[in-house]
Structures are given as C-alpha cells and as structure tokens.
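Each chain gets a letter, A, B, C and D, in the order it is written, and its residues are counted from 1.
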Amino acid sequence: MRRFWKGILAGLLFVFLVAGVASTGFAGQGKLYEMAIFADPTTINLYSSLGPSSTVWNTFVSNSQYYTSLYGNAAPTWAFVPSAAADMPSPLKEEKIGDKTYYTSIVKMRKDIKWSDNTPLTADDVVFSYNAVLEMDPNKLGGNWPSIVDPTVLERVEKVDDYTVKFILKDKPGLSQWQYGVLQNYIVNKKYWEPIFEKAKKAADPVKELFAHEPEKQPTAGPWKFGHWEKGAFWQNVPNPVYSGKGEVTTFYENGVVTVENPKTGFKWQSGKPEGKVQLKITDGPDATGTLYRIFQNQSAAVLSLTGGQVDFVLNSLGLQRGFQEQLKKAPNVALIENNVNGFRFMAFNLRKYPFNIKEFRQAVATLIDREYICEKVLQGIAFPQYSVVPPGNAYWYNKDVPQWGKGLTRSQKIAEAVKLLKKAGFKWEVEPQVDLEKDKVLKRGKGLIMPDGKKMPEFEFMIMTAGYDPLRYTFGLNIASWLKEVGIPIEAVPTEFNVVSSKVFDEQDFDAFMMGWSLSLYPDHMKFFFHSEQAEPGGFNAVGYSNPDFDKLADDFVKEADMEKARQKAFKLQEILADELPYVVLFDTPIIEAYRSDRAQYPYTKVLSGLQYVGALTSTVKMLD
Amino acid sequence: MDPLLKLDDFTMHYRTKAGWVQAVDGVTLSLARGQALGLVGESGCGKTSIAMSVMKLLPYNSKVVRGRILFEGRDIYSMTDGEVRKMRWKGVAMIFQAAMNSLNPVYRVGNQIVEAIVTHEPETSEEEAWARVRSLFELVGIPKERMYHYPHEYSGGMKQRAVIAMALACNPKMIIADEPTTALDVIVQDKILREMDQIRRKINMSMIYISHDVSVIAEVSDVVAVMYAGKLVELGQADDVFKRPRHPYTYALMRAYPSILGEKHELATIPGEPPNLLDPPSGCRFHPRCDRASAECSKADPMWREICPGHYCTCHNPVEIGGTWVGQVRSGKAADGGDQLGTSSNS
Amino acid sequence: MRRYVLSRLGQVILTLLIYITLVYFLLQAMPGDITQMYLANPKVPQAAREELRKQLGLDQGVVMQYLTYVKNFFRGELGVSFSHYPRPVWDILMERLPRTFVLFLTAHVLSFYVGYVMGRVIAWRRGRVVDYAATVVGITFWTAFYPLLALVLIWIFAYTLRLLPLNQFIEPKLWQGAPFSANTVFGYMVYGGGAVAIGLFLIFYAFLRGLKRTRRNVALAWLSGSVLVAVALLAASRAGLLVYIWDIVNHMVLPVCTLTLISFAGTMLLMRDSMLETVQEDYVMAAHAKGLPDTIVRDRYAARTAILPTVTSLVLSLASSMSGGLVTETMFSWPGLGQVLFHSALANDYPLATGALAFTGVFLLIAHFVADILYAVLDPRIAYTGQPAAEG
Amino acid sequence: MRGLSQNWAVFRESRIGMLGLIVILLFGVFGALWPIMINTVWDPLIYHPVVGFDPMLLHPSPPTKAHLLGTDPIGRDILAQLMFSTGREFLLGVLSALITVVIGTVIGTVAAYYGGFTDTFFMRVADIMMLFPFIPLLVVVGSMVRLTFFPFAIILGVLGGFGGITIILKAQALSVKVRPYIDAARVAGGSSFHIIRAHIIPNVLPLSFLYMMFNVTGAILSEATLSFFGVLNIDMSWGMMIHTAEAAGYLFDFGKYWWLWLPSGLAITLFCAAFYMVGRGLDEVVNPRLRKR
C-alpha cells in the first residue's frame, strides 16, 4: 500500500516536472503569424489540391499563399484587377487561324515579378501553366480544373514576347469563363514543373503520377513559400525573400476605382479615374516572419488556444459558433468580427410531381414560413432571413426588389394569404382553416386539403437535417412543417442524413421536398446551374426539375454576357423570375463569426463577404504587433 | 515447566447475517513440549477453528469472546503483527486440511520452502536454505531434484510430503496437522502418519493432530481431546479415552468407526444431525442425540470434571462400561507428557 | 504443438478473410460515393465525374472490385485512398500508426498497472472503506462521459492552470526547424523504449531473481538500471532527439492520464474479482501461516495467480490500441488511426476506411493468438496438449 | 437454484449493488414525471424537449423559476429534455441489452448443448464480432447512414449478442450441461428443446441478467458518444444535449454555461454507474466465489 502511494507520488512529481520544464510558454512571440485549422491539408501539390481531393484547408495553407495569377479580385470589394498582368486584357477579337475562327486576346504582363529563386516570371511560365493543363486534359485532372482552364473555351495560350501572351479561345466566353475563369488560373514555375509533367506523361497513369509529386522545393511568386509540414500537427510557410509585391499599395476610392502602385519597382495601374475619398489603402507585406498553421481536431481546443494566445486567428470556413462568440466577447485581447456570407439555405419541392408543380402552392408555402420569427426569436439573430437566390452580401449582384412572400405579415395574415393563394389555384379543404385577423388567432386548423384535380392530397415527406448534424436547421425544419400543417398541408418532416438526401435528390430524383444549403461563388452563375432545364436529368444540378424556356434563354444569355453592367441587369431579372416561381423557397443564412488576437494581429480591413477566412486571413497584409 | 500451548476458556464466535455462530465455546486444554494431542470430532464441531485461532488466522468476521491462548506463556491475541509473524512457522507450523492446495501453483515447490526459511532466518543465505530443503526432502522421502518442480507436477502423496517438509522447514516447536491425510488413500495415509510421528519423536516436537477419523488420532496421539458442537466434551490419555470412553458422544464416535485390528463390533451410527451453532441446544449440547439423556441434561450445562485421574469429561450421565476397546492405541507412554495434562475446571 | 499452431493459423486466416469480406460489403452497402463530393460544386462537369469514377475503379462491378481488393490485401496492398488521392492507404496508416501506438500503449500499460495495483489493494482490504471508495470512484470514472471528462481536464490543467500543453501532440514552434519528422522520433521512442525496457528487465531479473534480495544486489540492480537509462538518455540527447522526445512526452501526459482515469477501473474490478477467489485458496492461508509479510502474501500468492484473467484483457486492449480511440484523438488533437477511420467514413473514402478496419482486425487476431500463448507461459498448469483449448 | 427471496437477501448485502439500485429507482421516478409534467404543469409549446421555445427569455438562459435548469442555445428547457430523455435512455439501454442477452443466451445454450458444427460456427462468429472495433465501427456506420433510435438500439443489441457474451454464456451453459440432472432428464426422455428450456436456460439466466446490466451501461455510453459526434439521427438524448451545447460552441468556458453540460453529463455518468453497480451487486449473487465466506 505504501509502495503504491509512493508510485502515485512519483507519478505526480513527474507530471509537474514535465509541466514545469516544457510548457515554459511557446505562446505568441515574435512576428510569427499563427492560425488554427481543423484538418490536415492533403497535399502540397497545386494540381491535386485543386483536383478531386480539393479541401478548403489546402486553399488556406498553400494555393493562394504561393501562386499568383494574371488577374484577381481585390478584396474587400472584389474588383477585378490585374495581378501578374500589367493592364486589362485586350478586347476579344475574332481571328482566323488556319481554317478555324477563334477569339483572341492579348495580355501584357508586369516585368517586375520574380520567382522565389530570383528568376523573373515571364510569358513562358504563363504559357506553360495553361498549355500543360490543357494537354493533361482538365477533365482528367478533375476537381476545379475544368472550370478554371475550361477546355470548352480555351484552345491554347501563345507567347508573343517575354512579357506578352496571347489567348486563343474556341468560343466567345462569358464573364464566368473569362474574367472569373481562365484569366484567374494560377501561374506555376515552368523550369520546375516541366520535367515533372514530362515524367508524368510517360507514366501509365499520368494524372496519378502528377498528383503524387510533392513540390516542396518549387519556386513561388506569391508572398510565401513552403516551409515545413508535420502531418497532423502543423504546416509552416516561410516568406518568399524576393516577393515583388512587398510594399505595393492598393488604394480603393469612393467611386469604386482601384489603384495599384509599387514604389519599389515603379509599377502603377488604375482601373479608372479616382474620385472621392480614399476608402481603404492596403500595403502589401508580408509583415509576419512566417505563417504557422496549427492543426486541431476540435474547435474548443482551437478557441482555447486563441484565448490562451497560442494562435492569432482561427481559420474555419464555417466561422465560430455563437457560443464562442458570447464567451469571447469578454476575453481580453480577443476581437470578434461578423460578416455576411455568400450562400443560402432553402426548401424545395420536386416540381415533377403534382401538386408541387403548381406555382401558387409554392407561393403559399413561402408565405406561411415565418423567417423573421425563426431568425430573430428562435435563432436570436444568429441567422438572417433571405428571399433571393443571390444573398444581399453579394451587393453588386443582389436584387433587393424581388417579391418577398409573407414578409411582415402576422401569423393569421399569413394563413389568410396562403388560403387565398391556394384557393386561386383551385385547392379545397374538408375543413377550411379559419383565422381571427383581429386577435391574430387560429380559430380552426385546416384539414384534408383537396387538390385542384379533386383528389385528397396525400401525405408527403419533407427531408430535413438530423438534430445531430445541425440542431438549428433541424429545428427550423420542424417549425416549417408545423406551420404548413396548420393550413392542412399534409407534410411530414423526416430527419434524414445528408448523404441520403443528396443521393435521393440528385442521383435518384426520388423525393417530395427537402431542405438544404448552398455556398456560392461571387459571380452568380449558379442561377443557371440550379434552374436551367438542361441540368434537370439525374446527376444534374436542377434536381427540383424546374423548367421554364424563358428562364433558360435568359440564363444562357446571362452567362455569355461579357459586359458587367448588362450581366447585372440580366441577373436581376433572373432573380425576379426565381422569386416569383419559387423553384427554391429561400429561407435564411447565418453570418460568419470570426475572432482574432487584437494584441497580436492588425488587419487592414475586417469587413468582407464571407469573412477573413475567405481571404486566407490576410497573411501578407496583416501587421504583427510584438 | 510451562506448557508450550495453553488454551484458557477460549471462546470464539463468528458473526453472520443470521447471528453469532458459537464455533468454539470455553475450550480449556494445554499441550506440553514433545507431546502429541489428537483433536477429534465431527465436521463443523470447531476443530479447525481452534487450529486457526492458534495460528491467529481467523477470518475478519470472527470474534474472540472470552479466554486466552498462550504460546510459551504469551497471549497471542495481545501480540503485535510482527510478533505473530515471528511465532508462525518458527513457533507453530501448520499442515493444512487438503494439503495439496496449500502449495502456490505458480512457484516451484523448493522456492516456497526457501521463502519460508529466509523470511524467518534472515541470517541464512539462500544457498544454505536450499541445502536445508534438500535435506528436508530426504527426510520426507522426496527425490531432491523434485525441488525445482511445480506443484502440479507432483502426485498427491508427494505434495503431502512436500507440505510436511515445508512445515518442518523452520524447526518449529509445534505443528498443527489439520486432517493431514484425509485426501490420501489408506495405505499412503498410514505410511505418512507413521513417518510424521517418527520425525516428531526424533526432533522432540509437539503436535496437534486434527481429524474426524478416530483411527488416525488413535494411531499417533498421546492425549486425545474430543469436541462436540464447539465444546470440549472429553479429554484424557489416549489409552484411557479409547479404552474407556466416558462421554456418550465419544462412545458413539468410537462405535461409528471400524477398528482395523481390534475386535469386531457392529458399526453404529449417531442418530440426528449436529446442532446448529447459531442457537445450540440448552444444557448439554449433545442431549438431543444422546441415548442416555435425562431431564437434567436439557437444563443444566454439565460441569467439566475429572472422572478419573487425567481423564476429564462433561456429562451428567457418563458411560460406565469398562474395558471397551474400540480403536488401536499406540503402545507405550508419551515421552514426558502423560501426567502433565494440565487442566482446570473453571468453565 | 506444430500442428496446433498450423491449424490455428489456418483459422486465423479464414477468420481474417471473413472479416475483410464483411467490412468490405458493409462499407459498400453504405449510401453515397466519393464523386458526390462534387455535388457541392456545380461547375464540375459530368465528364470529370466519370473520369474520376474510372480512375478510382468505381466503374467496375462490386464483385470485381472486391476480388481485386482481397487479392491485393493478401499481397499487402491496401489500395489508394480516395480522399488523399493518390496516396496509398498503407502510407496513411503508417503515418498514423506510431503516434497512435505510443500514446495508447503507454496509456494502456499505465492504466493496467494502476488497475492491477488498486485491484490488489481493494481485494486485500475487501469490505473496508478503501474498497467501497475505490470501487465507487472507479465505476464513476469508468462510466463517465469521456468527451466531456476530457474537455474538463483540458480546461483545468491545460487552460486554467497552464500546467500542460493545450492539445496537439507536438509543439509546432519547437518542431518547425526540426531535422527529423515526428514519426522518426516516435520510432526511436518505440524501439529505444523497448530496448531499455528489455534491458531493465534483464538487469533486474539477473540481480533480483532469487528470493533473498540482499542490499548489495538491490543496489547493483538499481545502479546498473540507472546507468542503462542514463546511457539511453545521453544517446538521445547526443542525437539531438531528447528535446523532441521530451516535447512528445509532455504532450502525452494529459491524454494518458485521462485515458488511465477512465479505464483503470476495468482492470481494477477484474483484478479484485479474480483475487477474491484466490485469497480464499489454501495456499494463501498457508502463506500467512508461514509468517510471510502481508505484502508478500498479497503480491506473490494472491495477486500472482489472480493476474491471469487480467493479462488476457491487457493483450486485447493493447491490440485495440491499434485502432486508436476516436474520442481521445479528437479531444486531444492527436491525429491517429481513429481519426483516419472517422474522416475516411465522412468522406466516403472506402479504401481508407476498409484498410483501417482490416488493419485493426489483423492486430486483434494476432493479439488473440498471443494472449493464448501468454496465458500458457504465465500459468504453468496449462500446457499445450496439441489440442485446441476447449472453447470458452 | 435458490429462490428469488434468497437471491434478494444476498443482493441486499452488496452495498454497491444497493446504491446502484437506489439511483436507478430515482431515475425511474424522474423519468416517470415527464408525462405527468407535460400534461399538467408544462405548456408543450414552451417545454417540449425538441421543438419547445420560450419567447420570454434570451437563450441559453441560466436557471430561472420557469426553467429550473435553464434553457439550451435554441431555447428549450433543459429539465424537460433531461426528464424526457430519461425514459428514452431506459428504453434504449434495456432494449438493446435485452436483445444482446436473449441472443447470447439462446446461442450460448444451443452451442453448448449441441456442440459440434453449431458450436464452432457460432464461436467463430463471436470471434469475428470481437474483431470489430466497436465504437469506431458504429461511428463509421453512423456517419454514413445516421441511425435512428430503434435501428440503433437493435444494432447495438445484435452486435453485442453475437460477440463475447455468447462465449461467456456458453461456458456457463456447458457447466450446467454436464450436471447429472441433465443426463437424468435426457434418460427420462425429455426433448432437447425441453431440456434447454427447462433445465439449462434457467441456470444460465442469472448470469445473463448480470451481463444485461453491464450492457445497459455500454449501450447508453455508446449512444452518448455517437450523439456527441453527431452521427445519430435521434431527436433528443443526454448525449444529444451535450452535442447541442458543443456544436453551438458552449462547451468552452465550463463555469459559465454549466447548466448546458453538467446535468446531462452527470445524468449519463450516474445512470451508467448505477447499472454497472447493480451488475456488480448481482455478480456477488451469481458468482458464489465472490461471496464472503
């Protein structure tokens, strides 16, 4: 017995010894910028990280940190600006090469950009970056490649001189394919990658061979290059010693004009004539002496590390939960940021089925759902109601004038309105719902809804998230079902696993109604993908089976439109149609909440769509305080 | 000269859910050096409890209610744990009931004996201890290479011998042998008993034999004590008790066993069951089963009295038949113990 | 003996085959496949999806895929992970194995030791306060809700008291310039630790084999033991490993203690029950009668034979340590095999999930086998009769 | 076999077992309060454990008079959830343990009685079942299909039933099988079914019952762990309560939002410990070697 206690004592002693010696604080010191991520990145290789095993973590730690592209979107306004290019591309021109007609465009490049091995970034690198992927076949590379180096548009890229390239296009591209697609492809170092492509091409499975390469030593042109990756523990990037963007100033003016000026190399560019006040001025760095991504397996630990000062920012595409927000409010030296996101949660019916294909039915449903009540009361402001398929956060494309069904109505008014809509379409009841509008009370619940064809409407399934997957959406789903039941719509909410929902909806198209969410890209071409009738077959994205020839035509025009302003008008019109026809009943979305160490990091801006995580937490423009 | 072991009105009870079990009640006896005492009685009469009391190995639910046990004049129930440990094996060793199970199955037999020796005689080196084991094995008649074997490799008789060797390891002043041979067949049993007796005499050691088998006791004891239901009912020289049992229980017990060499007699059984010690019968505890019981027997506890010199008995109506020879009694007198059968009658 | 081993080996392989088949088809029967990941991105054309299916071999029939899998499995190839394409599954498992192994081995051995010692004590003091207290406390931890307990302990020791590191298995700042990978260090820990353990065992066995532990022998044993440890530490420090080993040990303390806390009661209660039987054995009584000190009777007589059933449970728990503990790994950010299993399942990465399960199965099977043999070694009463032991 | 009252007497001697039994009874009373409360005192709109919501407060609200244990992040009453879940936990635990034990007993006795191929077959099956890492496997299956309440209980029960318990119960059945009265019954012409049912099973049952207690503990803990990882499709349980708090980020500062995790965490531990303790108590009844001499 005594020996046992001795053992315990020795154990405790050991614990304290270990604790005393080793935890002499590795807490935030120096100018190392530390972030928490929640999963191991899968690769260092750009090709595989944009390929099928693409994860958001790869994007955080490597892609945007290492590579530059000809053009980019300047956060926080997302203005289209040149990055390795010296100016905007020349307007598309029809040109006959051989016996085929192509569209061509000339891009002049900056001459002051250098690789981290101190060699200049030239037209050869650009040409290689495009043509190597085309040769590999973007479809075989998979993942994002077919949408970046789009083989349906791009024929090839040619070198004109050392700093000029010529794009040869098969077809006239729309905004999404040109400005938001081809022109934003990452540029890789030809000298490094060419032999690797050559070797891959000779292998039995070229794609596998290419993906398997780990380019730890590749030169980069971005602010960072690869440092060290201890799988499961951390990823470290070190500064590119010859980063040409260092000291470059990007200025945003009130009239939307963006100017870029590099005092060191003398490079200058402006999108127009600057007018009005300077809204934001960002000086590129990097200021940090390195970036370190600590890999955690659970969120609580990451947040504890944030308050404990071991990390400066928590990188998570979903942001922080509300609980953390409330608890972090009072934490010293921790600042919170809240931003809109680019996405929405929605409810949808199978429009191939009767009576879901009746427009008024869907309008009645949309009217009955009280988004404001849920968002403000139940979810207490952690969600905001949404009515259009383009979220308000994407301000340039958002149409604020779309119909908003049932907004501002009381419970009884909503019911009365829904009854009116249903009656208009020819619905009847065995027991018609009755309300007292004065007292805002339901006098009689509806029962036995009879469809316009005279048959009693059968009960149908409404697939919602499981409580384990997301308690919020689960609760919302249950609430929707109970509101619809009040007017006698025989809906049954069935909590269903995400895999099952997606395979029933997208592969089998065998469903009645479901609830889901999308997160979107800046350019709202999702309207075409989700609702164009060509996407309606199994496996396509128009799983609800919406079919409207007028809409199809407009959507086609929209994605082909190369002019920003005209595209915007078309997008507005599309939103209007969708808000009236309601193939999706858009419900709500949640803002993204983030937190950072205010005593360590200072950001040029914190207001940006989808939060600082969307800009990789600004590794090159953050100022590190000691 | 002081007796080696003395029980003085020793009374010990077990606590159970149902109440107190009066396992040993007012036992008074003493044992001289070199003397062999046979303790006989039916199963559950308290024989083993006495043995355990002497070893101070009683379970946690036991309680010494009255009386003392003196070993070499010292009360073992007021000794410290250390003193008790020293007394064990060096003073009193024990051969357990079902001796075969008293060897640890996962240690070599030799080790277990060496362990006992070095524990009690720290000045002995291990080599010396092993040498002693070798001679002990010779003494009890086991081939000495068997020292290095595990118990499960031994036969029953061999285990028994090993246990005896183990008991002898520290030259104890006395050994308690609790049913030492019950598990063996009759021939081996006899052989081992004789050998033990020889060894005992050779080194002039005291011994308590405990058995329900009268013939075993008869073979090796100088003095015989008969127990019934936790009480001592008869005590005397082996000759005396076996030839002239005075207590009806002793008498019945003798008749229940065949004598091997003696005259033929009809085997008799004792009617009834041993009493429940939770609530023993009033008066004489044997009276419900006694064919000589009188009215008095159920009322008054009979006194412990000396019926003839050196022969004690508790009975209101002792048996008066003389010369009944039931068992085989070892011829010859005890070495130096016969008259020193110290008893008192203060029960 | 040889026939026994061979027939047993045949059984092992057959069992393994059935197990793999079960695992394979169980996972196949789950809804969804990896190409569904593309659902989240409408810009991925159908053609790219088909290409991927072809690349991953999903376009073949299930039976064909299964046969290929089994064939490769017995060749030691577990295929290529979908979600880490094109990393081989084996590669990923090997990356995770050392971490998992070191953490869980330590935790299981410690928890076994604590359980064994406590069980010994409470069986010996049956019915006393310490028995009830240890049983109630042990059961409470045994049935405690592990994730929550882990969070609470992290919160107390790592966050509030700042005694131990918060999460993760190494400190990135220390390791950012490390000349070796963590797995190298884990490897040294396994081999070096194993070698030192064997060395210590041999030393103590050589000096303290007998029953009489003379002062001189004890001193010599401790001295040479310390020298061995010192040499090992010196070697590690010369190789520049020590600081890294120390860092890992430092990060191990909290998860190991937590694991021990929740699992020691299992061994403890098993040991107690087992020992309550042996303390009633005659040889324990005999040992008392021999006048042996209490602790020797307890440890060498009562506990020594009672340990047998617990050893089986130790071996099996060691084997299950290969599969890691999802909860531990998640709560302490210790990415091991349990995490691999979980994430591969979430990502519909069947080759990886199947591989991880199969891998665990192999270890468990081997452990069953080892447990049988160990049992025979520990208990001299059991000898191989050339017949499989009776079932049960 | 001893009678029930004798067994009870032995069980009562076990303080650990009695402690467990008392705790279980308290939980029983607590769970039984749920239907009473929701039908009388509590307004289902506010106190419903799944869709209830109290519009009068900010959530999560610390304990108030109206909500004795506070509310969760989406405004549901913690006490109501706790009470509602108690019944469900009983159902889950007992149902899955019952399935395990019934399967284990039947297979164990049949394998012991018939021996030969039947025996070998089921023992190999048990071996294979024991190869599966239990919790990880359930997590894998759960993350792919999100099990609902009853399928989950049944899967737990079946997985357990074919596993180790079969081997233990078979060993017990074997020891019964060799007793003389079985031969006697066979000689007397009893059918196999009769012998198994009337002679073997009753002797195996106490051990089965004992393992049932341990299995209840196992089932509840599995459910809680899987719920914690969010891979179950169960609307409310103690594990789900903790998951809700965790998913919303409230398991961070332990002191501040204690009502979100302490009641449910404590309930899981106490409930499981209680069943385990009853199992320990029963062990002393079933296993005479453990009884005090």
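A few points about this structure:
Assume a contact is a pair of C-beta atoms (placed from the backbone, for glycine too) under 8 Å apart; a residue touches a chain by one contact, two chains touch by 3 or more.
Because the structure is a prediction, the values reported are computed rather than measured.
Among the chains in view, C has its Cα centre nearest the centre of the complete protein Cα set.
The most distant chain from chain A is B, comparing centres defined as mean Cα coordinates. Across the two candidate interfaces, A-D and C-D, the one carrying more C-beta contacts is C-D. Annotation: 44 Å between the Cα-based centres of chain A and chain D.
Chain D has its Cα centroid 26 Å from the Cα centroid of chain C. Between chain B and chain D the centroid-to-centroid distance comes to 54 Å (mean Cα coordinates, whole Å). Each of the following residues of chain A touches two or more other chains: 300, 304, 497, 499-500. Chain contacts: chain C has residues 30-32, 127, 151, 155, 330, 348 touching two or more partner chains. Counting only residues that touch two or more partner chains, chain D has 144-145, 229, 246, 251, 292-293. Against chain D, the residues of chain C that register as touching in their complex are 11, 15, 18-19, 22, 26-27, 30-32, 126-127, 132, 135-136, 139-140, 142-148, 151-152, 155, 269, 273, 276-277, 280, 320, 323-327, 330, 338, 341-342, 345-346, 348, 353, 357, 360-361, 364-365, 368, 391-392. Residues 1, 3-4, 7, 15-16, 18-19, 21-23, 26, 32, 34, 39-40, 42-43, 48, 51-53, 138-147, 205, 207-208, 211-212, 227-228, 230-234, 236, 290, 292, 294-298, 300-301, 304-305, 307-308, 310, 497, 499-500, 502-503, 506-507, 519, 526, 529-530, 535, 539, 541 of chain A are the ones touching chain C in the complex.
Against chain A, in their complex, chain D makes its touches with residues 50-51, 53, 55, 58-59, 73-75, 144-146, 148, 227, 229-236, 240, 243-253, 256-257. Partner chain C is touched in their complex by these residues of chain D: 15-16, 19, 119, 123-124, 127-128, 130-133, 135-137, 139-141, 143-145, 167-168, 170-171, 174, 217, 221, 224-225, 228-229, 239, 242, 246, 251, 254, 261, 265, 268-269, 272-273, 276-277, 280, 283, 287, 289-290, 292-293.
Touching chain D in their complex are the following residues of chain A: 299-300, 303-304, 320-325, 327, 377-380, 466-472, 474-475, 478-479, 482, 495-497, 499-500.
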